[in-house]
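Given below, in the form of C-alpha cells, are the structures.
Next come two complexes built around chain A: one with chain B, the other with chain C.
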Partner chain A sequence: MGVIIERATGSVQIVEHSTSSKLHHVEGLGDLSHASIVFSRDERYAYVFGRDGGLTKLDILNGAVAKRIVQGGNSIGGAISQDGDLVAVSNYEPGGVRIFDASSLELIADLPAIGTNNIRSKVIGLVDAPGDRFVFSLYEADEIWIVDLTDREHPETIKFTEVGRQPYDALITPDGRYYIAGLFGENGMALLDLWHPERGVRRILDQYGRGKEKMPVYKMPHLEGWAVAGDTAFVPAIGHHEVVVVDLRSWGQVSRIPVHGQPVFVMARPDGRHVWVNFAFPDNDVIQVLDTESKKIIRTLKPGKAVLHMEFTPRGEKVWVSVRDEDQVQIYDTHNFEKVTTLPAEKPSGIFFTNRAHKIGL
Partner chain B sequence: MNRNLLLLGLCLSTVHGVLAAEPSVARQAELKHLLLHDCGSCHGMTLNGGLGPALTPDVLENKPAEYLFQVISNGLPNTPMPPWEGILDEAEMRWIAGELKDGLD
Partner chain C sequence: MGVIIERATGSVQIVEHSTSSKLHHVEGLGDLSHASIVFSRDERYAYVFGRDGGLTKLDILNGAVAKRIVQGGNSIGGAISQDGDLVAVSNYEPGGVRIFDASSLELIADLPAIGTNNIRSKVIGLVDAPGDRFVFSLYEADEIWIVDLTDREHPETIKFTEVGRQPYDALITPDGRYYIAGLFGENGMALLDLWHPERGVRRILDQYGRGKEKMPVYKMPHLEGWAVAGDTAFVPAIGHHEVVVVDLRSWGQVSRIPVHGQPVFVMARPDGRHVWVNFAFPDNDVIQVLDTESKKIIRTLKPGKAVLHMEFTPRGEKVWVSVRDEDQVQIYDTHNFEKVTTLPAEKPSGIFFTNRAHKIGL
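This part shows the complex of A and B:
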C-alpha cells in the first residue's frame, strides 16, 4: 500500500500497488507543500509531516485521520525511531526538533536548535539511526547533532560544530552507519561515522559542490534517495547538470555523468541495475534512466510538466511518478519503460509506499 | 532609505525602458503558478517561508518593489536565492515583485 500527497489541496490518496488503484481519499491535512511521510513498523499508520507544522497520524486501513496536531510553525520533515515508539519532527520555525510519542502524539522532548554561534537554526536532514537515536543538521549554525533517547526523560545530545557551511539536506546510508550532509555554502560533504562518533565529522568529496562559479540552484536536490548500487552511490550534483558517482569504500568521486538538467531525486531501482533521475525547473518535464554498470543514459522519458517524485514498488518492477502540473500519477514498467497506467491525482507530489516502514532512514 | 531605493528604481526603470508592457493575462497565470510552486519550493507554497524567508506583504512592507525586483533578477550571492534573469524577462520579474507587494488573491 502507499500514500500519495496532493500538495495543493491538503489531501492524500491511499493506494495499493498490486492492481494500482486508489482506496481512499483523505482531506484536511493542512499545507502539504513539501510534505513527507514515515510509517509505523506494522505499516498501518502513516505520519504525515506538513509544511505548516501539522503532524497527522493517518490510519491506512480505515482511510481516516487517527490523530492530528499542529506542533510548530513551519516544518520540513520527520523520522521514526528504530523501535517505532517515537516520531521526531524537524522545524524551520521555531528552529529545532520536537519528539513525540508515536501512539498518543504527546510531546516527549523539545530541542531548540541553538548553535554555539547562538543562532537559532532551521533544522534539515533529520533521520533515525539505530539505537533510539536521531541525527540532524543546523542550516545556519553549521552543526550536526545526535540525540540519544535511550533514557526518555533525559535525552542526551552530542554536537558537532563547524561541519561546513550551510548544510541543506542529509541522508543516512541504508545500513544506518554513515550520516552525510550536503553543503550549500562550500564544496564537499560532511560525513559522520555513527559507529565512531568520537572520530568526529570529516569532509569527503571535495569536488562535490557548486564549483568556482557557484552555479545557481533552482531547487534544492534531495539526498534522501541516495542511490546505492554495489560499492558505488549515485548522487545528485548541486548546481550542475550531472549525477556524481561515489566510491563507498574511499568516499572519493569515481566519475560524473552528464544529464539533462539539475537532478533533484536520484533513485536506484531496488535491484540496483538502473537509477532514475528527475530534474529541477525548468527541466522538470523529463526523467532519465542510467545504467549503473555502463554509467550511461539508456532512456529519456517525457512524462509531462513538473515531475516531482518517483517511488519504486518494493521489488522494483514498476515505478510510480508524480507529474504535478498534469494532475497525474503515471506508472511505468521498469524493464521496458512503457507507461502502464495513469491515475488522476490533484497536484501530486510525494509518493510513499509502506515498505519504507522497514528501512533505516526512511 | 526606502525613498532613495524607490528613486533609484525609477531611474533604473527609465534606463531599461520598462514601459514594456505588462505580461499578458495568460502569462500572468503562468507566472502566478511559477511563484506558488517554483518559488514556493524554497519559500513555501503559501509563501509563508521555507528555506527562504516568507514573502507575504506584511513581511515585505518595508522592502520596495525595486529591491524585490533586483533580488529576483540577480539573486542573493552566498545564499540559495538564485538569479532569475535569463529565465524571466524584466517586465515579468517586475510584475512578480508587484504581486509580492500586493499579496496573492
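This part shows the complex of A and C:
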C-alpha cells in the first residue's frame, strides 16, 4: 500500500500497488507543501509531517485520520525510531526536535536546537539510526546532533560543532552507518560514521557544491534521493546539470554525468541497475534513466509538467511518478519503460509506499 | 507479521513482531521438515513449500488454509516472481520446476530438469531474479538454468552446462545480480552474473569446500544464509569450524574466522554490523555473534538444544530464534543481547517475517 500527497488541497490518496488502484481519499491534513511521511512498524499507520507543524496519524486501513496535533510552527520532516515506539519531528519554527509516543502522540522529549553560538537554529536532515537514535543538523549553528533514546526519561545528546557552514539537508546510508550532510555555505559535505562517533565529523567531496561561479539554484536537490548501487552512490549536483558519481569506500568523486537539467531526486531502482532522475524547473517535465554500469543515459521520458517525485514498488518492477501540473500519477514498467497506467490525483507530490516501514532511515 | 514452521506436527504459528505475540495456529500442512515460505506481494498470503510436494497457500490475516495442492513427490523450496504473479516450486522427485499462478495455484509451466546427460536431475537453489526470471541448479546434471517468464505462454530457458560438480544449494545477492551455487562434488563455487548471462558461469573461491582431508559434514550449510555487509560476505564453511570472509568485488577469500562448530546459518543483522551464526549437531545449542568490522566473536549465547533458525525483525532491533528441542522461540534484543521473551512452539524450525515479500530473492 501507499500514500500520495496532494499538496494543494491538504489531502492524501491511499493506494495499493498490486493492481494499482486508489483505496481512500482523506482530507483535512493542513498545509502539505513539502510534506513527508513515515510508517508505523506494522504498516497500518502513516505519520504525515506538514509544513504548518501538523503531525497527523493516518489509519491507512480505514482511510481516516486517527489523530492530529499541531506540534510546531513550521516543520519540515520526521523520522520513526528503530523499534517503532517514537516519532520525531524536526522544526524550523521554533527550531528544534520534538519526540512523540507513536501510539498516543504524547510529547516524550523536546529538544530546542540551541547551538554553541546561542542561536536557536532551524533543524534539517532528521533521520533515524539503529539503536533508537535520531540524528539531525542545525542550519544556523553548523552542528550535527545525535540523540539516543535508549533511556526514554533521559535522552542523551552528543553534539558535533563546526561541521561546515549551513548544513541544509542530510541522509543516512541504507545500512544506517553513515550520516552525510550537504553544506549550503561552502563546498563539500560533512560525514559522520555512527559506528564511530568518537572519530568526529570529517569533510568529504570537496568538489561537491555550487563551485566558484555560482549558478542560480532553482531547487535544492533532495539528499534523501542519494542512489546507492553497489559501492557507488549517484548524487544530484547543486546548480549544475550533472549527476555526481561517488565511491562509497573512499568517499571521493569518481565522475560526473551530464544530464538534462538540475537534478532533484536521483533514485536507484531496488536492484541497483538503473538510476532514475527528475529535474528542477524549467526542465521538470523530463525524467532520465542512467545505467549504473555504463554510467550512460539510456532513456529520456517526458511524463509532462512538473514531475515532482518517483517511488519504486518494493522489488522494483514498476515506478510511480507524480506529475503535479497534469494532475496525474503515472506508472511505468521499469524493464521496458512503457507507461502501464495513469491515476488521477489533485496536484500530487510525494509518493510513499509502506515497505518504507521496514527500512532504516526512511 | 510472520509464520513459524512447526516441523513435527505439520502446523504453523502466525505471529506478529510488534508486541511479539501469536495470532493463529494452523494445522494440516503436511510434511514440514525442511519447509520454506515465500509471501505474496501484499503480505497477505504465505506460500508454504513442504517436503511432501505440498504447496499450501495460507491466508495469514484469517489464519486459514486458502488452498492446498500436492504438486510433486518431494519438494525442497520455492520462489515468487518479481511482480508477484507466479510461484515456482523446485522438486527432487520428479526432478524439475513447476510454476503456478499465485492466485489460483493453476499450473502455468512445467520444466522437467533433464540435462545434457539425459538424466532427470534434482533441482536445488531456486530463486527469483528481477525481470520475472527464476534461476535454479540441477544437482546430477551440473547445470544452471535461467527461465524467463516475461511471455507467460512461452517461457524462455537459458542453460549453462558443466558449471561444476553437484551444485547442492545456491543464493542470489540481495540486489538480484549474482547467482552463486555451492558445489558438493568439488571445491569452489559457480558464479553467474545475471546482468551478463552472455559471459557464462565462472568459478570462484577455489579454497571453498570440504578440502583435501574431508571432515564429516553433519549438516550442509544453508547458502541462503550468506550475510552481506558492505563489500564483504560472511559464509559458512563446509565441514570446518569456520566462517569464511569473502570480498564481493574480487570474489576472493579475505580470511577465515574460527567459530564454535560447523556453521549452518550465517545471518547479518539488517544494519550489517553484526553477524549471527548457528551450528550443526552436536554444537547446535550455541549461537555466536561476530562483529563485521573487527571480524571477532563478541558474544556466545546458549539458547538451548537444537537452534535451527534465526530471523531478524525488519529493521534489526530484535532477532527471533527457534530452539527446536526446547519447544521454544526465543526473542533477543540485538543491541544488548538480552533475552526479551520466549514463546512456546511445537518443535519450531523456520521463522519467516512478511517483510521478505519486498525483497529480491527471498
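Here is the rule we go by: the second predicted complex is superposed on the first by the 362 of 362 C-alpha atoms of A that agree within 3 Å, B and C clash if a C-alpha of one lies under 4 Å from a C-alpha of the other, contacts with A are read in each partner's own complex, and residues count from 1 in each chain.
One rule holds in what follows: contacts are C-beta pairs under 8 Å (C-beta built on N, C-alpha and C of every residue); 3 or more make two chains touch, one makes a residue touch a chain.
For clarity, every value in this text was computed on a predicted model and none was experimentally measured.
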Chain B versus chain C as contact partner of A:Arg315, first or second or both or neither: second
Partner chain in contact with A:Trp195 - chain B first, chain C second, else both or neither: second
Chain B versus chain C as contact partner of A:Trp145, first or second or both or neither: neither
Partner chain(s) touched by A:Phe49 [first = chain B, second = chain C, both, neither]: neither
First (chain B), second (chain C), both or neither touched by A:Arg249: second
First (chain B), second (chain C), both or neither touched by A:Asn355: second
Partner chain in contact with A:Tyr179 - chain B first, chain C second, else both or neither: neither
Common ground on chain A, meaning residues reached by chain C in one complex and by chain B in the other: none
In the complex, chain A residues that touch chain B: 7-8, 31, 33-34, 51-52, 74, 76, 92-93, 122, 124, 139, 166, 168, 184-185, 214, 216-220, 281-282, 306, 324-325
Contacting residues of chain B [partner chain A, same complex]: 33-34, 37-38, 40-42, 44-46, 48-51, 75, 77-78, 80, 82-83, 87
Chain A partner contacts - residues on chain C that touch it in the complex: 1, 16, 18, 41-43, 82-84, 130-132, 150, 175-177, 195, 229-231, 249, 270-273, 293, 314-317, 335, 355, 357-360
